[in-house]
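A, B, C and D are the chain letters, set down in written order, and residue numbers restart from 1 in every chain.
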Amino acid sequence: MPGKTEPTDILRRKIRIRNPLLRNLLSEFLGTLFLLFVGTSIVAQFILSGEKLNTWIQINVGWGFALVFCVYATAKTSGGHLNPAISLVMVTFGRLSFTHFLLYSVVQILGALCGSGLMYILYYDAIVSHKLAVADHIKLFCSYPPEYLSWTGAFVDQAVGTGFLALFVCVVIDKRNKIPDVVHPLFFGFILMMIGMAVGLNLGYPINPARDFGPRILAYIIVGKEAFGAMNGFYWIAPAVAPMFGAVFAAWFYHIGFGAHLPDLEEERLELPTKEESALPLKQL
Amino acid sequence: MPGKTEPTDILRRKIRIRNPLLRNLLSEFLGTLFLLFVGTSIVAQFILSGEKLNTWIQINVGWGFALVFCVYATAKTSGGHLNPAISLVMVTFGRLSFTHFLLYSVVQILGALCGSGLMYILYYDAIVSHKLAVADHIKLFCSYPPEYLSWTGAFVDQAVGTGFLALFVCVVIDKRNKIPDVVHPLFFGFILMMIGMAVGLNLGYPINPARDFGPRILAYIIVGKEAFGAMNGFYWIAPAVAPMFGAVFAAWFYHIGFGAHLPDLEEERLELPTKEESALPLKQL
Amino acid sequence: MPGKTEPTDILRRKIRIRNPLLRNLLSEFLGTLFLLFVGTSIVAQFILSGEKLNTWIQINVGWGFALVFCVYATAKTSGGHLNPAISLVMVTFGRLSFTHFLLYSVVQILGALCGSGLMYILYYDAIVSHKLAVADHIKLFCSYPPEYLSWTGAFVDQAVGTGFLALFVCVVIDKRNKIPDVVHPLFFGFILMMIGMAVGLNLGYPINPARDFGPRILAYIIVGKEAFGAMNGFYWIAPAVAPMFGAVFAAWFYHIGFGAHLPDLEEERLELPTKEESALPLKQL
Amino acid sequence: MPGKTEPTDILRRKIRIRNPLLRNLLSEFLGTLFLLFVGTSIVAQFILSGEKLNTWIQINVGWGFALVFCVYATAKTSGGHLNPAISLVMVTFGRLSFTHFLLYSVVQILGALCGSGLMYILYYDAIVSHKLAVADHIKLFCSYPPEYLSWTGAFVDQAVGTGFLALFVCVVIDKRNKIPDVVHPLFFGFILMMIGMAVGLNLGYPINPARDFGPRILAYIIVGKEAFGAMNGFYWIAPAVAPMFGAVFAAWFYHIGFGAHLPDLEEERLELPTKEESALPLKQL
């Protein structure tokens, strides 16, 4: 086995955390931290350039790639959830205990808070010089609703957006769909890009309670109580809670509507059927 | 075999539909539903933001990824057609009976109708607050022709657009082109992106009778009879019928012009020839 | 072997062209035809929408994907050149005879002409209603130089652009770089996207004598002699000739500067070295 | 073994450089040259078209693909660093000697200088006709700070941007993350695209001392001493030095925070665990 005496391997032997819970929590914390550090920097570049240097396409593609590489960094350790709503789905699938879901959620929120704080340091000069309006200042960190939107509308928006995420993530990870593990994180990023193009109008698709709530705490500290003030102080609950319902509903909807009826792996011949052949059984009825 | 006692596997044992026709129809219904739910949401974000939050590139890329993941969700079950024109091509290839093509088409149209209805719920607040012009209101659901376009022009446009889809889908699924099954849905998405950049000017590339006709019924209910009114009530026939002709013509054109003359798989050596080597035979003439 | 009695296989047995030269010429003709049909439609959507529905990014991405799928359609038969400059490179590599290069070039030019003609039919209503300026009318078909550009500048531009294409195509197809055959056409498309972002300012990167000259003949017929009129009638020679020089120079530059010094396939261990290991030999000097 | 008598193989036998240091230096020189030739041409198209033909998305995607293909061209020979900061990371990983790092850096700077010079030739007509402001003229070659930015802010910006690059490159090349070698260069390009969307606001993400300093020398010759003049002559040091610190810090941060705690390759079962299974151990605690 080559490389055993490389400096990084020496480090590994010395500091490796062998307790799975601890290393998983560290992985989720740092993964969410970098997701938000990159992600809120993308938002900052969008806002601070007057939506000129970044336009909405960079919000979509940039966040997509941020998810891709943060999931690659954490998938082999903690599963790369980086989102309490996805962790909750895993609880309902019997793959994560409820206690661990709570711990995951806490470190995800803390990671998101720290990540957006690092963005603030990176863009401090630009933020100070731009004299942003309060709403725009808050939007550097977390979502802020438009005038026309009702609380119910916000709840539906976040439930639908996170529902798309959970549903299509289930498409990708269902073994019977035969998508190789190595491309899963890449496809999660493509899914997030798609969602940003479809469910970004109302709130900018936080679709992740940690991504929205963590940085909102920091916005409260830096910008003031208006961070929690929209809709008479009730708005912030929608992006913090609706994703949980949307994700679990959609994940199980996938299995009820699609996954449960997929052909078994054993049913198939050795050679993969082509797209057309898989439609063949219809004719033989 | 791991995972047999997971909640999703227990569900599968209980509700799995074993009748291939039924499960295929469910698959096409839900696949088209989600394709339209995501897709018309992308269009809504484009229109409701004044073509600012989404620009045309998001229409292209977003619809492309929507197709990618809806086909991944349905390919192993029903073949992932999600489009009556593609199903009709499969009839001519002897891979789907005509009766099943009719059933496929019905559920695809219903799925498209329901999907656009869910978009309407998602963006209800925004739609109400925007007081859209009638034509823009209809465009949330289905295509609406510009002033300059003749009915023949619309027919040609939809035949050409769907023709490109069918032709390049045939390139991808032809085994002799050796493109692995697992990337087929991804490439279908790339093809749709390309078509949206080339054949989107006139009508916005519906190129799918279910995608255009299903939501048009809903537009009729919500917006009024103007949904079927363009070109003295004859317009809607073009995107409902032309794709059928275009797709079948182009699919067979592919096989006549390209596919029939491809080297046999057996002809080739064990090692794949490089791009240059495949040009070599020329010299040996 | 499944599928032998499918309609497409029956067709294949009946019409298959077994003469390699004939089938290669048909492949190059149709491949270039569809490349231009899709490609010039993308340009038309850019011009006819006032650079609003398509912006430059769609020119880049759309042409890229058009190349991807037209090469997939033709790679196994004729090698998927679709460009006389690439065919000439293959002549210098000893993989195509000069006579066949001439025949390839003729059918590529004819294919390009026909493809742009089909675009004209597709967008006839829109073109007629838009009353385009002469220069814009010509640009639907082929390149037209800006005021500031000298003939030498045009020549350099086309030599550099096609040079990039040939150089990076050589990177991709050099077996020692170990890029699997199946992704070659996809990567060619990415290369073309990149070139359009780097060498599109002056002339819009035709970088393909067939792509520029074929449709220019049609522009002459439809728009008038101004199609060949720029720079006192000498401009059109630059995009028709410079790509030949640029491509051959760059392809050999690749082999002199990069390819000739790559480690042999046999030199390497069975396990592929990681990026870092391939830098290791430096230290052992 | 086919192809041994091809012209490119004859060339190879004649001119192949067998001294690993020499061929690695040539590889880094030419790789950085083409990276900058393409890359600064993208910037030129952005500036010279008034940010209309290219918008920021082309800066992101174009530079990303330029990195992709320049790394594919050089990865098997020199490791494809093309950036002194990445080379320095390799020194700390014990994969490159410090002396060779210095030599790498010199040829990378020279390559960057020459590459931007070729861009100048390509766009000479356009540059002359546009009568650029001094700052824009300099930006064709290298970064130039905005009014609001402090030197510390510039240093942080470049350290963070290059830090992201090094951290995510380490994610990709860490064997325990099981990303196949063949896609590494593609993923490096995606990472660069992401960084350009997140850390491009202040300085346009040079994040590479060679990329910034080499062309700055040329800007000094062509435009004048203002190329080194910003921030009282101290600005240029930030993009030349900060990337070194940022890259080394982030690379080791990756190994301390993520890499050291990854499951061993041997720990895993023969079948790759799915995303969910890798989260399973949590439950068994």
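By our rule, contacts are C-beta pairs under 8 Å (C-beta built on N, C-alpha and C of every residue); 3 or more make two chains touch, one makes a residue touch a chain.
This structure is a prediction, so every number in the text was calculated from the model and none was measured.
Colleague: Where centres are the averaged C-alpha coordinates, which chain has the largest centre distance to chain C?
Modeller: A
Colleague: Counting shared numbers against all numbers at the contact of chain C and chain D, is it over half, same, or under half, different?
Modeller: Both copies, chain C as well as chain D, present different residues to each other, with under half of the numbers appearing on both sides.
Colleague: Taking the mean of the CA coordinates per chain, how far is chain B from chain D in Å?
Modeller: Taking the average C-alpha coordinate of chain B and of chain D, the gap between them is 39 Å.
Colleague: Per the centroid of Cα atoms for each chain, what is the distance between chain A and chain B, given in Å?
Modeller: Roughly 27 Å separates the two chain centres.
Colleague: What parts of chain C, by residue number, touch at least two of the other chains?
Modeller: Counting only residues that touch two or more other chains, chain C contributes 55, 57, 93-95, 175, 277.
Colleague: Given the complex with chain A, which residues does chain B contribute to the contact?
Modeller: Listed in rising order, the residues are 6-8, 11-12, 15-17, 20-21, 23-24, 26-27, 30, 34, 38-39, 41-42, 44-45, 48-49, 52-55, 57-58, 61-62, 65-66, 68-69, 72-81, 90, 93-97, 100, 118, 121-126, 128-130, 173, 175, 181-182, 184.
Colleague: Tell me, which parts of chain B touch chain C in their complex?
Modeller: Against chain C, chain B makes touches at 55-57, 60, 92-95, 147-150, 153, 156-157, 160, 164, 167-168, 171-172, 176-180, 187, 190-191, 193-194, 197-202, 252, 254-263, 272, 274-283, 285.
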